[in-house]
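The next part holds the structures, each set out as structure tokens.
After this come two complexes, each holding chain A, first together with chain B and then together with chain C.
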Partner chain A sequence: MSAFALRNISKSYGTNSILNDVSIEAEDGEFIALVGPSGCGKSTLLRIAAGLDHGDAGSIWMGGREITAEHPADRNVAMVFQSYALYPHLTAEQNIAVPLAMRTLSTLQRMPLLGRFVAGRSTAQAAIKQQVLATATSLKIDHLLDRKPGQMSGGQRQRVALARALVRQPGVFLMDEPLSNLDANLRVHTRAEIVDLHRRTGVPTIYVTHDQSEALSMADRVAVMMGGKVLQFASPADIYDDPRHVEVAKFVGSPRINIIDAVTADNGAVFFSGKAVVDGVTGPAGTPVQLGIRPERIRLRPQGAKGIAAIVTRLEFLGSEVLVTTQADGAGDGIVIKAAPADVSHLGAGSPVALQIDADACLVFGQDGLRVPLRATARIAVDA
Partner chain B sequence: MRNTAFFSMRNLRLAMLSAGALVFLAPYIWMISTAAKSREEIFSSSLTLLPQHWALWENLAKALTRVPMGQLLWNGLVVCGLIFFFQVVIAIPCAYAMAKLKFRAARTMMTLVMLGLLIPIHATALPIYVALNKAGMLNSYFALSAPFFISVFGIFLFLQFFRAMPDDLIAAARLDGMSELAIVNRVIVPNAWPAVTAFAIFSVVAHWNDLFWPLIVITGSERATPPLGLLFFRAAEAGDDYGALMAATLIITLPLVAAFLLAQRRFIEGITLTGLKG
Partner chain C sequence: MHETAIANLLPADRTTARQAAIRAAKREERVAWQLAAPAILLIIVLILLPTLAVFVFSLTNYELGYDDFQFIGLDNYIELFGDRTFLISLKNTAVYTAIVTPFSVFIGLGVALLIESETRGRAFFRTVYFLPVASLLVAMATVFQYLLHPTIGPVNAMLSMLGIAGPNWLGSSSTVLTSLAIIGIWQSVGFNMVLFLAGLTAIPRELYAAAEVDGAKGSWERFRLVTWPMLGPTTLFVTTISVINAVKVFETVKTLTEGGPNKASEVLLWTIYQEGFVYLRVGYASAMTVIFLAFLIVLMLVQYRVLDRRVHYT
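Right after this comes the complex of A and B.
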């Protein structure tokens, strides 16, 4: 039984299908990232999880209890918005206290003037104040409690929004691109903080982002969404090394994976630039396939060495590594290789090189974009 | 060099603005001037802005004693207050629903609001008058204020303002456990002050100065609003004591002018924020 589950969610606006039979579940204490390009339906899915939107089909479960029809407030979910959505007219302290006040104080006790005379209000308010202070201290924003959102920086607002979500001890944490409004430096820093926070609280978290590096670095499991479907839902390592779909392979990883159009031969070998790089592809010969190779899995060798002949067209120095763009026969837009600076110091644009590709670095995708399984017995057959 | 400085763009702008301001202020200035003149001087052939004999106090005294000025101002205050209160109480939830909630009749309601904007009070005055008469409610605060409780202009103004409010804010409030009513009270209203102040100007100015409707439903001076009181005053004085009449007008316009000057900055903020011009 998972702590939080979305089962077979579908949603469409008119004829426009936004979500198509999407299922995601989070175990207790798990950090799930929903990643995909904008418009893939990930934010809609999150809003459905929160109860702000409703799916046309499917169900939502929390700890074995179905909450599909429940009002957002009754679901005990907390959400952090991209815009933070802090109440502009309230101080940080009041902002953080709102979810507690709405839950623990009665309608009468919340009345602006009358509330003061209702029994039990001051005790309840003192308890709220204490909880707010504890949460604020744990996020190191206790010195900001008197300020209004307008007087805070983006990073500070973000923390107040986190505190407001955290303070009520939710059953699940939903985050909608909470870092995308921060500058690059702060983003990397806050990333680590959110992961720490998640580890401390152990609340299952669903984190929506369009940044694949954020998803890979933070999450226990990543769901890659495209066109309203989950293409793959697996650990970051599996998503990167063992993508089930060519779109997943293309979306994850920077620089992008090299995708080369190729054709299978009689024995199931895949030819690229006149040389077979991998074999064992099932199915008839002459099938067009796509060959995916990660930039760091290709090695540069001197001209004439075993490998595919290519010409260097561009070098991009990135400090710890160099991106080498090369052109080989039948490689389309060129092949990008990630290399150590020392290995390419002698190269320049126009240098002829040989590309050495290991068979186990090759990912083969069919015409429909799905991974083509290779026969285990006949994997290594590098003729290059 | 000095010539170019004197005819600089800034000075030119200031001169044009001053001239414009003077044109708009002229009637008001003339009113104050007349209020300070004696009857003989008003009807004398020489036109002067500054009175030769100050008669402001006599005129003010006449204005205050011959009509129940306190009662008139109080009536104006009550009527404007009632109208404004109910307009806001009705228009804000209505505009919130139309701006932020999804329901089937939203489009129809929008069309009705637009239609409502096109219908002037004069078109509906007669049926409303007949209804009030049948109900025996003429000559009351209710008759003066009730026809204006639902302000389509107010709904429209708030609607535009609420549309610009972020949806996330309302989503956050719902997740925090607020009911729709609580969202209006605790999130929308506290952040809608610029729109409320802007609407306050339009509403209070329009109904404080309104003569048309009070003239229809009020017959005695007991419930008369300030402009209607002025009319009674003129009738009672056979229309020749202009000094006293202008003094009365001065008293009646003074509350609006004072209120505007006191809240000038907030009003301007409100108008610029809603993109409306008066």
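Right after this comes the complex of A and C.
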């Protein structure tokens, strides 16, 4: 039984299918990242999880209880919106207090003037104030409590929005691209803070982002979504090293994975530039496949060494590493290699090199995009 | 690094740079005046000069048709505050405004909220409610005259079916102002609704989503938490416009009651019209106009000074 689960959710607007049989679940204390290009339906899924929208099919579960039909207010979810959605007429303190006030004060106690005379209000309010202050202090925004959102910077607003979600213990946290409006520095910093906060509270979290590096670095498990489908739902390492679909392989990792069109030969060997690089592909010979190789899994060797002959076309210096673009026969747009600066200092555009590829670095995808399993005996074909 | 570079500039270079800056500022100022000149001219010719003329007239005993006139100082104003008709007219205008403004604002808001929450027929209802704004009030006045007629009018016919003896709506001094106010509300609700609809569409949808997640379950709670505060600037504007329009009531009075019966529907513009265009006492009418303008200006200043700070949150 998972702490929070979305099961077989489908949703379409008119004839436009937005979500197609999507299932995701979070265990207790788990941080789930939902990543995908924009427009793939991430926000729609999150809104359905919060109860702000309803799916055409599927069910939503929290701790073994079905909440599919429940109103957002009853679901005990907390959400951080991309635009922060702070109430502009309320101070930070009042903003953070809203979820508490709505739940602990009665309608009568919340009345503008009358409320003052309803029994129990002042005790309840003192408790709320205490909680708000504690949350604000933990997020280091206690000095901003008197300000209205209009008087705060983007980063400060983002913190207030986080505080408003954190101030009570929800069954699940839903965050919709909470960092996308921050500048790059603050984003990396806040990333770590959100993970820390999550560790401390232990509330299962579903974190939506279009940034694959954010997803990989923050989450316990990552769901990669494209075109309304979850293509893979696995740990960051599995997503990166063992992608189930060519789109997952292409979406995750920077620089992007090299994808080379190839054809299988007898006994399931895959040829690239006239040389077999890996074998063990099941199925008939002559099947078109896509060969995926991560840039850091290719090694540059001097011309004439064993490997695939190629010509350097471009070098991009990134500080700790260099991206080398090379052109080889049959490699389409070129092959990108990530190398250490010291190893490529002698190279320039036009330098001839040899590319050494290990068989276990080769990911083979079928025509439908799905990963083709290799026989256990698959071996290195570009011999060292 | 920047500072040191500037500090190292020779004094001569600095003065050249400063002169260039001064020249650029002057050029910009000249262009600004050139661009603003047509608007400034129009404001002077169309608004400031006529207002000034009215003020000057108000200090004279000028009457249309007579060749000469004298400046009589504040005599017109002194006469005004002893003029029973004018005082009645001030009071009636205030009562009329006090009825029409809140009703037309809150009914306009209510209708806008209903239309906003309805997906089907939204355009239809919007048009229907806007019709009174677009229609000619003078023409519609005849319809109201018929509707409110004490003997043949359908309103009283319906009331009598319920066993209630309807009043002589426009003919009795106790009901005439209320009747005119109802017509005024009928006319301005549509306009206010359109303004509120525009204000509603400007509220970010995510605020409602946040309110729901935060526990605002009912529509009243969402209204209190999001709609009402976010509509603040719109409400202030709508209220200001409604007050101004109510204070300017004239057509219905002119066509339906002519200030009667027994001055019970005597309102400011009607009194000014009588003095200026019927008795041709331009000077006296001008003094009333000045009071009328001062009244509006004070009202607007109060509204903006007091309320503006409370409805704009940034």
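We adopt the following convention: the second predicted complex is superposed on the first by the 381 of 384 C-alpha atoms of A that agree within 3 Å, B and C clash if a C-alpha of one lies under 4 Å from a C-alpha of the other, contacts with A are read in each partner's own complex, and residues count from 1 in each chain.
Here, a residue touches a chain if its C-beta (ideal position, glycine included) is under 8 Å from a C-beta of that chain, and two chains touch if they have at least 3 such contacts.
Small disclaimer: the values here were computed from a predicted structure and weren't measured.
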TODO: Based on the superposed arrangement around chain A, label chain B with chain C as either clash or fit.
DONE: clash
Open item on the list: Just checking: does A:I298 make contact with chain B only, chain C only, both, or neither of them? Give me first, second, both or neither.
Closed with: neither
Open item on the list: In the overlaid three-chain picture, which partner chain does A:L139 touch, first (chain B) or second (chain C), both, or neither?
Closed with: neither
Task: First (chain B), second (chain C), both or neither touched by A:Q151 - done: second
Task: Larger contact residue set on chain A - chain B or chain C - done: C
Task: chain B/chain C common contact set on chain A - done: 47, 50-52, 72-73, 77-79, 81-83, 85-89, 98-99, 102-103, 164
Task: Partner chain B, residues of chain A touching it in the complex - done: 47, 50-52, 72-73, 77-79, 81-89, 98-99, 102-103, 164
Task: Complex contacts: residues of chain B adjacent to chain A - done: 166, 168-169, 171-178, 182, 186-187, 190-191
Task: Footprint of chain C on chain A - complex, ascending - done: 47, 50-52, 71-74, 77-79, 81-83, 85-89, 98-99, 102-103, 107, 148-151, 164
Task: Contact set on chain C toward chain A in their complex - done: 204, 206-207, 209-217, 221, 225-226, 229-230, 232, 313-314
